[in-house]
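You will see chain A twice below: alongside chain B first, and alongside chain C after that.
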Partner chain A sequence: MKGWRLEKRTAPSLGSRVAQPILAVIAGFVFGAIVLAIGGHDIGDAYKAMWEASFGTGPGFEQVLVRATPLLLCGLAVTVALRMNIWNIGAEGQMAMGAIGATFVAYHTTSLGTLPILVAIFLGGMVAAGLWALIAAIPRALVGLNEIIVTLFLNYIALLFLSALINGPWKDHASIGQAYGRRLPTQAALPLIGDTKVTIGIFIALAAAIAIYWLLDHSRAGFSLQIAGGNVRAAKYLGLGIGRRILFVLFVSGAVAGIAGVIQLTASGGGRLQEGLTGGYGYIGILVAFLARTKVQAVVVVALLYAALLTGGTALQSTGIPSSIAEIIQASIIIFVLIGQALGSYKLVRTAPAKSPPAHPAALGEAS
Partner chain B sequence: MVAPAETQAVDGTPSGEGRADALTLFARGITKSFDGKFANEDVDLELRGGEIHALLGENGAGKTTLISVLCGQYKADSGAVEIDGEVLHFSSPRDALRAGVGVVHQDLRQITRFSVIENVVLGSDHGPSREAEKKVEEIGKGLGFELDPKANVGSLSVGERQQLEIIKLLYRGSRILILDEPTAVLAPEQSRQLFSALRRLAGEGKAIVFVSHRLREVTEAADRVTVLRHGKVVAKRPVEGADPAELAALMVGDDAEPPLTVTPGKPAEPVLVLMDARCGSGRRALTGVDLTVHRGEIVGVAGVSGNGQVELAEAAAGMRKLDRGHREDHAEQIAFIPEDRLATGLVGSMSIEDNLAFRRYDRGPMSTPLFLRRSKIRGWANELIERFAVPTNRPQLNVAALSGGGLQRVIIAREISEQPDLLIASQPTRGLDVVSAAGVRAQIVAARDKGAGCLVVSEDLDELLHLSDRIVVMLGGQIVAMLERGEADRATLGRKMTGVGEAEVAA
Partner chain C sequence: MNFWVDALSTGVVLGTPLAFAGLGELIAERAGVINLGVEGMMLIGAVVGFAAGIQTGSIFWAMVAGGFAGGLLGLLHAAMTVGLKVNQIVMGLTLTILGTGLSSYIGASYGNEPFKEHLSKIDIPLLSKIPWIGEIFFQQDIMVYIAIVTVIVAALIINRTRQGLALRGVGEAPAAADAAGVPVFAVRYIAVWLGGVFAGIGGAYLSVVYTQSWSNELTAGRGWIAIALVIFASWRPLLLLPGALLFGFIEALNFQLQAKGVSIPSQYLSMMPYVFTLVVLAIVWTRQRGRSGWGMPESLGTAYEREGRS
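What follows is the complex of A and B.
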């Protein structure tokens, strides 16, 4: 590599910023093709199946939207907190608490009509999830306890709490085998869009994206969050309170993740609490936020693409390709995107040889 | 315009006490450009054993680039470095170190958790040993340094850490020592100590280069001087017989401004009162400060670094809570220029224009209750960038991309433009070149004349004497002396700062 070296880019051009993730995705698929070939599978068939199961067909795209909804919300939740340099690893648990809060409200508002009950359960879920996130926020704000650990472990507590509820007080005694909570009132189901399988949850998620985009990038509060997240001393210098901002972002973050929980509960969850309702979206949301580099617009795009990758991967398995290979393809695409992001901030420069008399490399060794 | 021809007579014999050796280091025609802009253009530097050579120039004149080339950190686009008549090509600072070229950087690159001796042997091929310790002690003693080899580097003062860096280079056998703005972080007394050590080293035949833009140091401590301007050498000459004013003119070229004349202030009602202010512990503490700053006056704060000035500034600004005592201000707008700009006053990950808006983003016209108004923020930023000559043409870039002087201007622009009633400035001109520094001082005086009370902490005594209506001296977290304009001079301040003569006064 002599004669070439990496130099840090001061400001990547628009072209390179667009080209780089596209190249990374292509590289990921090429790598996936190699893996498929090694496994003796037909590359064309495999990728055709992935395409048809995601963007290629109407039903496929519906599936993508269904999965994109919680991913987008969880990605947004993580992004909000990251703007203040807070890592919310707890979206999974906050989703669970959102679903629990919504269920609680639904059980107590059975006489309401569709719109009022939906508003009530969404609010209930957001408050429950937001308060749940505050459990991590308060010690972080007061004594600096690491929020990563606390939010992570709160996930286990929340998921076990959900399990305890559907095996205990909220148990549906009619169900046999797997434990379920009692059914929510029928008017608490999220309406579908037309005759698709997609609920209006995707619109709720997009509205949340717009609200978060406004909050982070266009409001006074967002500006001050950026200061406090960027430099705590600068925030103190300007008289901005750090503690209450930590509480604020984690409450909002939890509440947004809570919306995802409520949507899962009232849409694909079949209108009742059950194990596995959170589906790991809370964790993938961290990856979505990371890949989107905490830019809200990018979170929308990444959530959609990631959802396509997930549905495509599932479809791959139904063609007889082992799930492990599908996962390798997914993972390699993600890794190539990450590599692309890291390399994108550098450029390869040719080092011009210095115009000067010949060197005496040997002299360097001896001199001391 | 000063004609370079008059001063460019290159003399063969260095003045001063050093031995007149052949050229130890000869950098010939060094050219280095970044993004098509020349940082160094055909720069020559001639260095002899036994001399102290000053490299003088404004911010951005190319001093640091030249040093980086000499020590192998950058590769020159063209030109060559000869050491003892032999052309060498360094591909890393390690190569340079092996060839005897050592650099004391501005930001001391040490491991604070390690001891002195561990830092010295770090990167060499052996671990700490008794012999190494003895050698380190010997080198230190020879230079008049008192450094305990076993002391933890984190517990050392900046001056001591600089001494460590010099010892480290000598331990590795460096014959050519290059110091990048060594006095920027030192109190006058420490600077004197440093220069006397450098003089001893020169006496042993070592070649010393130091970078500075303080003329007084150059004339007091150097044998010869090379002046850089806009990446080119504009003069190289012996210091003896050089007129500081002439050197200043060479350094800044036609941009030189007439010296600022500071009229006495007209102190009015108090704007800041500190009574028995106490906070912190150990060396970073206030141990009972009484201070009143009035509108329309500049109060200077002198002291050897680490005697509570940073804490006083922060307490005065209301950024640091007092443990005991009382603070009250009658200011609607407080401006604070902190000592560590990037760490305290700016957010490196935000753009220059955002950083300029920190004091205003939360009210009209920069924002409505619902929306930030980016165009207004941008307009305000552009106005400040122009008025305060912030060196950027892309205000959307992260502020961290600016040089030290640029960061400084961003903070000063933002703070002073608020028309403060109380202005607290810590080391307001540290690291700025002559012209920029004069500009900043003029801004402080202008703020005072508009009725602000100003508290200026500085280690540059000339600056304090020049600006201040009163000077308070801090020692051990307390104010030990207060001098009116006219009663203060360098010698008195120096005595008060070090506590010399206090015993007699107390007795």
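What follows is the complex of A and C.
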């Protein structure tokens, strides 16, 4: 390293921003191939099965869209908050509360027709999930209580509450084995698109993406959120109420995650509350938002790709190759993306050759 | 009375992996690094420890292997978050996915194999004769005692020694610690590595000693409870012990009530560790404002960059 030093880039170049994720994906699959080879599995078979189960075939692509729907919504939910530097780790629990709120409304509006009942349960789910997120937002706004910790642990409380409901007051006594909630009225099912297995949930998610894009990037409110999140002093100087914005941002974030919960409930959830309904999408949504660098357009793309990876992974089970390889690939892709992002923010610069070794070798070592 | 003694005694056993993993996370967090990958590190420790136990027939080597494997994931977290300054939350979640996937992958061939060695209970002379207390605390296996001693020793090191001061300094004010000559990066690397080692041992205890078998996602969320435990203990090592006992006891109570057919919804009991944690956090947070040295380390979650020193 003599004669060279690392300097922080002000902004990564466009080329590296495009090339890095692609390289990271390739590296992730190469790493997965190595792990497969060590386990004595056929790499070609595994990747062919993953491709055919996702982008490679029509039914596969339908499955990708089904999974991309909650993922996109959770990614959006995290993005909204992250723009204000608020970490909503609680999308998983907010999804659960959304599904619970929707179920509650559905049980009490059984006489309504399809459209009114759907509107009612979506509103019910959004309000329930938004209020749930406020449990973290209020102490954060009042006393600065760390929202990461609170939202994280609210997940478990929400998921256990869901479990208690379907094993208790809302239990469907007709089902044997796994516990389910009583079925929602049949008119509360989300319509399918044509003769596919995809519901109109994907359109709802895309509409949410457009709305959030507008909110964050084209509205005064969104602009003020970024200021309030980035520079507390400037925000105070401008008279921006930070506490109020924290409440707003986490309510919206929770409500969007809640939509994901309602869609899971009325679509792939089979019209009844059940454990596993949230499927980890709330956590993956955090990764999606971060990988997309909180750009709404990028969230859409990343959610779709991530959904393909998830879909391909579950398809492996039928081939005898452990589907856990999909998780290994997921994690390694993310790690490679993170490495790329970290290294991409530095550049090598030639220093004058006569100089003595760098002034702070330890820091250089850490950064390279 | 037997019911409660049984529940508390099982609670000590179930609290042991929590105490190990919680201690590891506490050390990392006191150095300013949050690691949400505890669940993944415990799973890796559990499966590698179990595999090593099957291969060697030795519980000792199983624990060593579990700690070693957990430590490797800890080092990965350190390299990413301390070295490359990657976001700690994102890396921790990724570590959990990696640990879950890798442990299932490694464990695929160990699913049906029971581990035959078992750790016998050791009665501590005199103390084990104390009514109730003796049965709960002093008729346990060696790992329980090791956990208790380790936490106490760690508490002494963290609170009373120069090394402990360095650790706390790095977590509270890394720039000041750096100026005082503390090797901030090295301390963070070691702390996060230790976090992985202890999580791995906690995981290995679960698979090798407690269940004596391996199944996917064996830890069943205990890694997250360990993270809650650190907050419940307000980042104070000694308070890990009563916390681990309480959380372990809640789990044991749940099992016992279900076995007896008591119709309390077990979910509400399972919720308690998280509810307690949030309540403690809220109380400590509102009371500590303006005071330092109590509660969450100041620099928790933020990477340290040496700036303006070139």
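We take it that the second predicted complex is superposed on the first by the 338 of 368 C-alpha atoms of A that agree within 3 Å, B and C clash if a C-alpha of one lies under 4 Å from a C-alpha of the other, contacts with A are read in each partner's own complex, and residues count from 1 in each chain.
What we mean here is this: a contact is a pair of C-beta atoms (placed from the backbone, for glycine too) under 8 Å apart; a residue touches a chain by one contact, two chains touch by 3 or more.
In this text, all values refer to a predicted model and were calculated from it rather than measured experimentally.
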{"item": "Touched partner set for A:210, first chain B, second chain C, both or neither", "value": "neither"}
{"item": "Partner chain in contact with A:18 - chain B first, chain C second, else both or neither", "value": "neither"}
{"item": "Partner chain in contact with A:115 - chain B first, chain C second, else both or neither", "value": "neither"}
{"item": "Touching partner for A:231 - first (chain B), second (chain C), both, neither", "value": "first"}
{"item": "Partner chain in contact with A:26 - chain B first, chain C second, else both or neither", "value": "neither"}
{"item": "Which superposed partner A:219 touches (first chain B, second chain C, both, neither)", "value": "first"}
{"item": "Which superposed partner A:343 touches (first chain B, second chain C, both, neither)", "value": "second"}
{"item": "Partner chain(s) touched by A:34 [first = chain B, second = chain C, both, neither]", "value": "neither"}
{"item": "Which partner, chain B or chain C, touches more chain A residues", "value": "C"}
{"item": "Chain B and chain C footprints on chain A, overlapping residues", "value": "359-360, 363, 367"}
{"item": "Parts of chain A lying in touch with chain B, wherever the complex brings them together", "value": "10-11, 214, 218-220, 222-224, 226-227, 230-231, 233-234, 236-239, 351-352, 354-361, 363-365, 367-368"}
{"item": "Residue ranges of chain A in contact with chain C within the complex", "value": "35, 39, 87, 89, 139, 143-146, 148-150, 152-154, 156-157, 160-161, 163-164, 167-168, 283, 286-287, 290, 322, 324-328, 330-332, 334-335, 338-339, 341-343, 359-360, 362-363, 366-367"}
{"item": "In the complex, chain B residues that touch chain A", "value": "75-80, 83, 86-90, 95, 98-100, 173, 317-319, 336, 338, 343-350, 354, 358-359, 361-362, 367, 369-372, 394, 397, 401"}
{"item": "Chain A contact footprint on chain C (complex, rising order)", "value": "34, 36, 76, 80, 82-87, 89-91, 93-95, 97-98, 100-105, 108, 183, 185, 216, 221, 224, 227-228, 231, 265, 267-268, 270-271, 274-275, 277-278, 281-282, 285-286, 289, 296, 301, 305-306, 309-310"}
